[in-house]
Every structure is written in structure tokens, then in C-alpha cells.
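Given below, in the form of C-alpha cells, are the structures.
Common to both upcoming complexes is subunit A, partnered first by subunit B, then by subunit C.
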Partner chain A sequence: MGRYIQRRLLISIPILFMVTVLIFTLLQLTPGDPLTAFLPPDNPLPQEQQDAMRRQLGLDRSPPVRYFFWLRETVQGNLGYRQRTGEPITEAIGNRIGPTMLLMGTAMTFGILIGVTLGVISAIKQYSFLDNILTVFAFLGVSFPVYLAGLLALYLFSLRFRWFPAGGLSTPGEPFSFTDRLDHLILPAAIISINYVASTMRYTRSAMLEVMTTDYVRTARAKGLRENAVIVGHGLRNALLPVVTIIGAYVPNLLGGAVFIESIFSWPGLGRLYLEGIDGRDYNLIMAMTLILAIVIMIANLLTDLAYGLIDPRIRYE
Partner chain B sequence: MQDASRASQRRTPRFVLIAMLVMAMLVAPIATMTRAQDAPTGGTLTGAFDQGPGGCPECFNPFTAGAGFTWFEQYYSKLMLYDIDFTGIQPELAESWEVSEDGLTVTLHLREGVLWHDGEPFTSADVKFTIELANHPDSASYIGAKFNGVTAIDTPDDLTVVLTLAAPNAPLFDAFTFLVMVPQHALADIAPADLLQGEWWRTNPIGTGPFKWSKYEPGQYVELVANEDYWRGRPQLDRLINRYFPEAGSAVIALRNGEIQFTYLTADEALALGDDATIRQYAGPSMVPNYFAFNLNQERFQNVAIRQAFAYAIDKNTIIEQLFQGTAEPLMCLFSLPQYVPDGLNAYDYNVEQAKALLEEGGWDGSEVEILTYYQDQLSTDILTAVQQFLSDAGITVTFTAIDVTTYNDRAQARDYDIVYAGAANGPDPDVLSTHFESPAQNPNVINRSDIANADIDAGFLAGRTATTAEEREAAYQQVCSVMNAELYWIPMWISTRFGGVNGEGEFFWTPAPGGGRYYQASETWTLKAAE
Partner chain C sequence: MSDGDAVVAANDSALARAGRVAERVKTESPWRKTIRLFLRHRLAVTGLVVFLIIGGMALFAPIVATHNPNTISLTDRNLPPSSEHFFGTDRTGRDTFSRTVYAGRVSLAVGLAAVTISITLGTLLGAVAGYFGGWIDTILMRLTDVMMTFPPVIIILTVAAIAGPGVGKTILVIGLLNWPIPSRLVRAKFMSLREQEFIHAAQALGVDSSRTIRKHLLPNAIDVLIVYASLGVASAILLEAGISFLGAGVQPPTPSWGNMLNVARNVSVLENDPWLWMPAGVAVVLTVLAVNFIGDGLRDAFDPRARR
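Coming up: the complex of A and B.
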């Protein structure tokens, strides 16, 4: 097991290197650079001053040299500064990682718990009225554009019914309070979780259906086990394998955030930061966030693979 | 209220004013005492100060931000500002100023007793420091270029600044409305390059404005608190909060919800909120002239007949009536203030036959034209769709591409465009347009992405800049306006209206930040009606 993890981590180094080279190259091909993004379109900066800024931002050097500088600094733990605001990138990410993890963590936790439960129910009661309703809901939940859902939810629950505030992390100017945070969290988290409920439910349902027809489930029933024990102990435990795979695939979203929902709900998270980075052609920020996301995806994949071993004793890592 | 009192002031004879002034000086100590006893009304005003085109969300360096002055002016001050109607420039930290006969020396007299937020006195040294900082190449400030003609800054005493100019510089006072004063004692030790994106601006900036910096929550809001020592007196409000909304629709919902007291509204939103009695709407000119600009490097646009054909083919009055619901003003040239627009210009009223004839005359090759724009809102899309139709009626095939500002800047700078649809530099001073029309041969600091080189335009802008009387300036820019109108390097279209919505009973006004918001807002008088 230890050697397996070691090997996986070693392989990830060249992959990460390639990811950063790829992103860096793509950024060079994108029109504009941090300076053109910084200049107001109608307020000119004398050419001399533009040249000075280019030098200051290091944009006068060739791309390979810039990549090398970036790599050298990053390896030493220096992710640089946001080119628009001068905020250190570690600080910018540090400021926004909490809100994003809170939002996405809440949405995913509830999404997965509810999704697995509903998936099991709809598998057991296959083709029942409830199953049909849940199936329709799942399709809507997966296909409904989250952007529209967010605006609609704001309009209904914030403006019409006045149950929740119109976005933000907390009431501005008020000291932190748990209820205030909860008040701001519920609506965006609920919208995001719909998607997770729907997809988790569909995966759980089909995995359960497959498992419940297997020989060992029949054997368990034949032993005279209670139906609940059969469903949870033999059915669900085995059905979880594919479900864990998709949960593993969710994990990077924990940091990637929900770009649209974060924007609509003025949530100061990483998804929005990434968007600002792209708008501002903030090379440092985009590189740093891509790198972090790539690392998270790799770790999530590794953890998913390790989780298989825990759930399914047949899987062993040498 | 504000308007009425100002109007009555204008009618008061001068001797009465002087008598009142003397009286005021005598009773001033008493008045301050009574005011001290009247407790300020207090409260927190929350608004989306940086929403809309006049704002610059989370921009904290006032030397590089192209907009967002509505917010900067809450905690910084300038030497002078426009009045709310943008008709003239009024004193702020400079109490008065005079220009020498030859126009080469400007003497500024600073207000006495102004304190920085940390208690240090504001002096002429700060003014000198600020101008030099803006002018420093490492500060990357577009404002610095506006002070290029200043050859020397002398500070004979703490309250006097004497500027020596290379040539008379009429737009200098407009330039001062861009320049926020910053404290020498706090910034002198920071290199301008480090200050460009330094944390000073967003951690604990020190100004002389009516409110003081309190805290910044990245991605959420900035909070200011009342400046007890503000030279006009402590503001009525205790706190000001500027909330950020990445999605415009969310700001409108927060406004209707009562979570914020005001925000910018698009024309569509203003129309949709028309029957909402809880929202008061304000409207004001954007001061942004919209235009179609030709890439004059392309041979097909070098014939004036072709450019005129485009102008005749577009029915701008119908667009104003139908799409803007009448809330835009058509333009004759790029200037909008009436004193710079001479009579008898060609309005290029819609005439498709004339357009066809001109195309014929100019030998139009029938090639396809791409219109490039950074406007991505629905209204602009509708406008360009209409323009596409109009031009197609005249026999011109047009496509349009809407891209983000960065890509736009990149392509426009590389001259990689046929025609752009955009809005020009913002504000009441006609000299702001020189950067688009003046030739680099005359002024190396211009953008001039259309590569216009017209001796009459050059001469006009130079004359306007160095004019020492208002009449001379008017004559110079009228001349420029006629040439713009005849040559149509840019087809002037319209100036649109901006809208703002205010929720509740608060006593404050908000104008939609024309000129980036460089006007006296009287925010120290803003109040919220106390919730009984």
C-alpha cells in the first residue's frame, strides 16, 4: 500500500509539470495580457509608461523564460501576486478557500446523503409512483441550468417570500454570527446540492438494482436476514463502489466552486476568483489555481482508489 | 432642495453675499457650537457604489482606476471637483486659485485646517508629492500624463502651491478632478513601483474625505466610518458600506429587498422597475459618446464618401426612439456640451438612397465588414442587430463580434479591426477626446487607434488646450467639431442616459457617475430617515 501511494505520487509530478506547461501555453495564445486587461479602454497610458509596466510585470521577456521564472518561484512556494490588485496569491486563495469549501461542502454533504437515500429507496421501489417521480426530478435536476435556477431562487425566496438575503457571505458590517452565516448559506447551498442529489441518486439507483439481483443478496435473504439488513449490509455496501467513484469525482469541485452560483449569490469564493483571474488575464492567479486544482484532482483520485480497497476487500494494492 | 438653494444663491447680489459672509464669520463660532449639539442622525448606508459602467469594483488604486470615483471620493479628496450638474469646477481642498496673465503660472491656495485621517495636517507638500507620484512612470497612472505640461511645482508656504507650465493648459483643472490627494508622510517611503499594486490602498488608506477606511472583506464589501474631523463637519451617517455584486441582477434584487439603499440600473431594469413605488429612480447623462470608428488603415474606408454612406444608412433616430425608448441624445460630433457644437452641421439623417449613391460614388467594393465591440449587454446587441439590418438595406454586408474588453484592447491596439462600436472617454472636458483624434506627431501620448492625422483637428485641439479664455476654447472646439462632422473618421451616434435606483426614505441623491463620478456629492449631508 505504502509503495503504491509512493508510486502514484511520483507519477503525478511529471503530469503536474505537463499541466502547467499546457496552461501556460494556452494563456499565451489567449488574446490580451495582464497589461491590456489593466488599461481602461479610453484612458491611455503613454507608450513609455506601458513599456515600463511591461518590464515591471516581466512581460517583456520571452514566454519560456517567464515559465522558467514562474516554475522556479512556485517550487519554492512563491505563487506571486495578483497582477491587478497586488494581493499575494496565497492570501487571495486563502481568503476565498473557506467560503468555497463551506458552500460546496454543505451542498455536497447534503446532496450525497439525500441522493444515496433516495437512490436506495427508488431502487427498492422500482417502477413505483415514487420511483417515477424521483426519476423525473433527477432528470430535471441534472439538466436544469444552475445559472437560471440561481436567479429564479433569488427572485422567489429572496425577493418574493423574503426568506433569505439576496446573496453575500454575511450581513455587511455586522459581527460574525452563526445564524447569519446559515441564513446566507442555505439558498446557494440548496441550489448547488440539487445537482448532486440528482446525479448521486441515479448512480445509487442503478448500482443498487444491479446488486439486489446478485446471488449473494439472494443467499442473504435465504439465510433469513431481515430485509433492512439485506439492503444496508449486503446491497448498499456493494452498491457503494461506483457511488464512491463519482463522489471522488465531485471532490475537486470542493475547490473549483460553482462559478455561476458564486457570482449570482455574491459569494466570495474560489470560482469567482478564477473568473476574475481570467477576465484580468492574471497569469499568476490562473496558473496557481490550475496547479492547485490539478493537485486536488490527483489526490482525490488517489483517495478514491484507496477507498475502493476499504469498501471492497477483493481490491488490494501492492 | 439642493438645486433650489443653489438657484437662489445665483440671484443674490454680490454685496448681500459679502455682508452675509462677514456675518457668518462673526457667528461662525456660535454656529459650530449649535451644530455640535445637534447630534448627527447616524445610521449605516449600504449601496452598490461600484455597480454599472461608472464603477470599478475592488479597484483601490485611484491613480490607475479608470472609474469608481463615486466611491473614492467618500474617503479621499481632490483639490477641486465638478459641481453636481457638471457645469463648472468648484473648490475642494484648494480654496481658490488664480492663473497668471500669460497662462503659464497657476497658484493654488489650500484650505486651512484640513487633517488627514490620522490627524496629520494636509499641506502643500502633499500636493507636490501627489502630482509627482502620479507623474512617476512607475506609478503607471494615466492621470500623470495630464500633468505632463507642469514643469515646476513650488511650495512657498504650507498652504500655497505654484505650478509653472510649459504652455497654457486649459484642461489642467479637469485633470485636478481626477487626482485624489494622498499623504506624503505615509507614502514617501514606498517606491512608486511597489505602491502601484501595494497593499496600502486596501489595508489602511489615509485620505481627507468625509469618511474613513474601516474594513475590507475581499469579494464582499468595504466599510467606511464617519470622519469626525472632516473639514465640512462630521457626516450625518455613521457608516457607509459598498457592497460588491458580480451579477447585476442580484444587486437589483438586493435593492428591492431593502438590503442595499441604491444601485445602478440598466435602461431595461429602469423600465421594468418603473411601477415599483418603493424605488425612486434617478437619471443622468452618461457623458459617454457612442460611436462607430473606422480603421483608416484600410483603403476601403479612406474615402469620405464611403464613411458618409455608412452614416446615412444607419437610422439613429429610430434606434433612439425604439431601443433607447427616447432616453439617448443624438450627436453631431463627439462633443456633447452645446457650447462646443456649432450650428449648421450635417445631421446625416437617415437616407438609404443617398447612402447607396455615395457607395456608388466612392466605388464600394462590396466586401464584408466586421463591427467589433466590447458591449455585451442586451441593448447593445439589439442596437448592432438593427445597424446590421440598416447597413444591409444599403448594400453593406456586416457581421458583429462582441468580445471582452481585454481582447478588444488587444485587437484595437494591433489595428486588427474594420469598425469598432464603443464609447469614448468620459467627462465634460472636450480635451479628453484629443487622445483619439490628435496625431501622435503632435502629441506622443495619444492612443488614436483610428490613425487619424488631420491638421485642422490637431490645430483645434492645440488651440483649445492653450486657450486662456472660455471664448477661445469654444471657438477652437467648434472648429474641431465641424471637421469631425464633415470627415466622419468616427460616426458620432448618441449619448445615453444612466439610471440609478434608490430604495426607502433616505435623503441622499445619487447620480449615475458621469465622468467616472468626479463631482461633489455632499455625502456628509446624506441621511437615512430613522426607522421609527
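Coming up: the complex of A and C.
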């Protein structure tokens, strides 16, 4: 097990290296550079001054040289500074990571719990009225883009009915309170979790349907176990394997969802930070955030694989 | 063409002919069976009908639209829905209904064109990797590993924002960055087919690699590609709408469903003029739902286990 983790971590180093090269190359291929994004297009600086600034920023060096400068600093833990504000990037990310984790953690936890529960119910009562309703809901859930669901929810529940505040992390000017935070959290978290509920439910349902026809489930029933024990102990336990895979696959999309929902609900998290980085062509910020995202995704993949071993003792890692 | 090549070609086409004869002897061709199974899938047929209606409206936009989508009229600003303007007008007096219809052209075109690009590229790379294997396969698969590390939304949003706006660029960005999935599908299919007798037979006859891939392997991978294409169109439409919603991608005055949703980022529009953004939202959801149903029906229809 230890050897396995060690090997996986070693393999991930060249992949991470390639990821950063890829992003860096993509950024290089695009027209313009950070300086052109920084200067107002209608009022350009004289060419000499621009050249001087490029030299000062190191933008006159060749791309491979700049990449290795970046790599050398990053390996030492220096992710650089934000272009416009000069704020250290580690600080910027540190400030924004909390709200995103709160939002996404809540959405994922509830989404998965509700999704698994509904999936099991839907599988046990296959082709029932409830199952059909849930199937339609699942199709709607995966077809409804998060930005549209967010707009609709904001329109209906915040602006029309005024049940919830229209975005933000807390009510301005009021001291922090748990209920206030919860009030702001419910709507965006619920919107994101719809997607998780829908897809977790579908995967759980099909996995459960398959497991419930196996011989060991019949044996469990034959030896007189109560139906609930069969469903949870034998059915769900074995159906969880494919479900864990899909949960692992959610992690890469966390930032994608955050970008949309945070910009709709003015949630000061990483998604909005990333959007600011893109809008301002803040190359340092983009590089740093994509690198961290890649690391998080790799850790998630590793944890997913390790979770297989916990759920299914037949799987061993040497 | 040398004699040897002619013999190979003759044998090769004899092989293909034999396959066709064998098919005719059976009661029903696989394609007819697939179509029959698809038509039995009620949701899929509903999806197809809805998709054809939306596609038809987009195709015949000049006839369907009641107004010119770009005509600015200062006397008709901010009108609520009426019999003259079905979905009202925006802040410059443009007719929202007509804009939604024309936006369908852009959004569907982006979806279809982007998927065409990603499938062509993915098939090409997947075919080469799956057929030849070896170091080509290793390099291509490591590349897809790296590409798939990233959620498509993030990488496409990044590239689209930096590449700049425009319909053509949006198509290219979505198309060129989405090839890893079809390439993996084709590769997996080719790897399993590669070791089957009919391929060995073709190779024994001396059929060259490119012909083996085109005539013997690709037709057998077509079902995977068709199913991917339907789901790929749905995700490309969502991606276009998503990045245009955030302000990258397709830019006004060219209407697209995504940039029509973009105005709703202004709270006053969101609250007071729902007719400006809701039609585009409904159009996106209906289209994606329809395409997803079609994809579901196709998957069931192609599934050999479901063949009855």
C-alpha cells in the first residue's frame, strides 16, 4: 500500500510538469501579453517605455527561459504576485479558498447523500411512479446548466419571493452569525447540489439494479435476512464501487461549477478569483491556480483508487 | 496499380461482398434494427421531434423571425411581451423573439461544428493509437491523460477568454480541446477489434493499414461515435452558452443563447426584464434535454444486449 502510494505520487510529477508546460504554451500562443492587457488600448504608452517595462518584467526573455524562471520559483513555493494589485498569489488563494470549500463541500456532501438515497429507492422501486418521476428529474438535472439554474433561483427565490439574500457571503454591515451565513449559503449550495444529486442518483440506481440480481443477494434473502439488511449490507455495499468512481470524477468540475455559481451569487471564492485572473490576463494567477487544480485532481484520483480497496477487499494494491 | 495490388483489392472487396451477402441472408440489417429500436424509445423520439423543431426554426430563421434581430429602434425600447413582440424588446429596442431564433443558428452551428472537429480529430488520433499501438499509443494516451486532468469548462474558458471573442474562435476552441474523449472511445474499440478474425483475414490478404482502418475497423466503431456525437453536441452547446454567458465566446451584436443570458448578470435586468433572458434559457435547456434523450435512445438502440 505504501509502495503503491509512493509510486503513484512519483508518476504524477511528470504529468504535473506536462500540465504546466501545456498551460504555459497555451498562454504563449495567444496574441498579446500581460502588458497589453494591463495598458488601456485607447491610450498606449510610447514604444520605448513599453519596451523598458517589458524588460523590467522579464517579458523580453524567450518563453522557455521564462518558463524555467517560473518553475524555479514555484518549486520553492513562490507563486508570484497578482498583476494588478501586487498581492502575493498564495495570500489571494488563501483568502478565497475558505468560501469555496464551504460552498462546494456543503453542495457535494448533501448532493451525494441525497443522490445515493434516491438512487437506492429508485432502484428498489424500479419502474414505479416514483422511479419515473426521479428519472425525469435526473434528466432535467443533468441538462440544466448550473448558470441557468443559478439565474432562475436568484430571480425566483431572492428577487421575486425574497426568501433568500441575493448573493454575497454575509449581510453587509452585520457581525458574523451562523444563521446569516447559512441564509446566504443555502441557495447557491442547493443549486450546485442539483447536478450532484441527479448524476449520483443515476449511477447508484444502475449499480443497485445490477447488484440486486446477483446470486449473493439471493443467498442473503434465502438465509432469511430482512430486506433492509439485504439492501444496505449486500446491495449498497457492493453498488458503492461505481458510485465512488463518479464521486471522484466530480472533483475536477468543482472549480468549473464555482466559476459560474460564484459569479452569479457574488460569492468571494476561487471561482471568481479565477475569472478575475482570466479577465485581467493575470498569467501568474492562471498558472498557479491551474497547477493547484491539477494537484487537487491527482490527489482526488489517488484517494478514489484507495477507496476501492476499502470498499472491495478483493482489490489490493501492491 | 500493380497486379498484386489488384488481387488484394479484389479479395478485399470479395470479403466485403461476402459480408453484405451474409447480412442480406439474415432477416433484418443492423441499421434497420437500430432504427426500429430507436423509434420504439418514446423519450428519444420526443427528443428528436423537439430537436427538429428547434433546428427547423434556426434553419428557417429569416422566415420564422418576426423582426430583423439587429434592428435598433429607439421608440420600442424595453417593451414587455406583446402580440407585436412575443418576448418583448431589449434596451436598444431589438425584438427578443427574433434574436432568440437567430441565436439558435449560432448556438446549434457552434455545437455541430465543434463536435465535427473534435470527432474528426479524435477518430484520427484514436484510430492511429488503437491500430498501431506501441510508442504512438503511449504518447497519445499520456497526452489525453494530461488534457483530461482538466475540467473542459476551465481550459476552454481560459483559452476562449485569452484567444478573444468570435464565433469561429469559439468553435475552434471547443472543437480542438474536446478530442480526448472520442479518441479514447475509438482507441478502445479498435484495440478489441484488432485481434478479431476478420481483421487478421484482411491483414493476411495484404490489405494495407489505411484501407483496413477505413473499410474494416471504422465502420465497426461508428456506433460509439454516433452516441458520442449526440452527447458531444449537447455538451458543446452548454459550453458555448457557458463561456458566452461569462462574457467570452460569442459576442453581441451576433446573438447566441449564451450571450443573451449574459444580460441577466445585471441584477436589474434579471429582476425586471425576465423576457430578455428566459427565452434563451428555455431554448438551451430544451435543446440539451432533447439531444440527451436522442443520445439515450441511440445508446439503447445500438446496445447488442437490448437487441430483440
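In this section, the second predicted complex is superposed on the first by the 312 of 318 C-alpha atoms of A that agree within 3 Å, B and C clash if a C-alpha of one lies under 4 Å from a C-alpha of the other, contacts with A are read in each partner's own complex, and residues count from 1 in each chain.
Following the convention adopted for this analysis, contacts are C-beta pairs under 8 Å (C-beta built on N, C-alpha and C of every residue); 3 or more make two chains touch, one makes a residue touch a chain.
On a predicted model such as this, the values are computed, not experimentally measured, just so you know.
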| item | value |
| --- | --- |
| Combined model on subunit A: subunit C and subunit B, fit or clash | clash |
| Touched partner set for A:152, first subunit B, second subunit C, both or neither | second |
| Dominant toucher of subunit A (residue count), subunit B or subunit C | B |
| Which superposed partner A:87 touches (first subunit B, second subunit C, both, neither) | first |
| Partner chain(s) touched by A:279 [first = subunit B, second = subunit C, both, neither] | both |
| Partner chain(s) touched by A:264 [first = subunit B, second = subunit C, both, neither] | both |
| Which of subunit B and subunit C A:48 touches, first, second, both or neither | first |
| Which superposed partner A:56 touches (first subunit B, second subunit C, both, neither) | first |
| Partner chain(s) touched by A:166 [first = subunit B, second = subunit C, both, neither] | both |
| Which superposed partner A:298 touches (first subunit B, second subunit C, both, neither) | second |
| Touching partner for A:142 - first (subunit B), second (subunit C), both, neither | second |
| Footprint overlap on subunit A, comparing subunit B with subunit C | 31, 151, 154-155, 159, 166, 263-264, 275, 279, 281 |
| Complex contacts: residues of subunit A adjacent to subunit B | 31-33, 36-49, 52-53, 56, 81-87, 92, 95-96, 99, 151, 154-155, 158-159, 162, 165-170, 172-173, 262-269, 272-273, 275, 279-281 |
| Subunit A residues within the subunit C interface of the complex | 15, 18-19, 22-23, 26-27, 30-31, 139-140, 142-145, 147-148, 151-152, 154-155, 159-160, 166, 252-253, 255-256, 259-260, 263-264, 274-275, 278-279, 281, 286, 290, 293-294, 297-298 |
| Touch list for subunit B against partner subunit A, complex | 44, 46, 58, 60, 64-67, 137-138, 140-142, 144-145, 193, 196-199, 202, 217-221, 223, 239, 241, 243-247, 249-250, 253-254, 256-257, 259, 374, 403-413, 422-426, 435, 444-447 |
| Subunit A partner contacts - residues on subunit C that touch it in the complex | 142, 145-147, 149-155, 157-159, 161-164, 234, 238, 241-242, 245-248, 261, 264-265, 267, 270-271, 274, 277, 281, 284-285, 288-289, 292-293 |
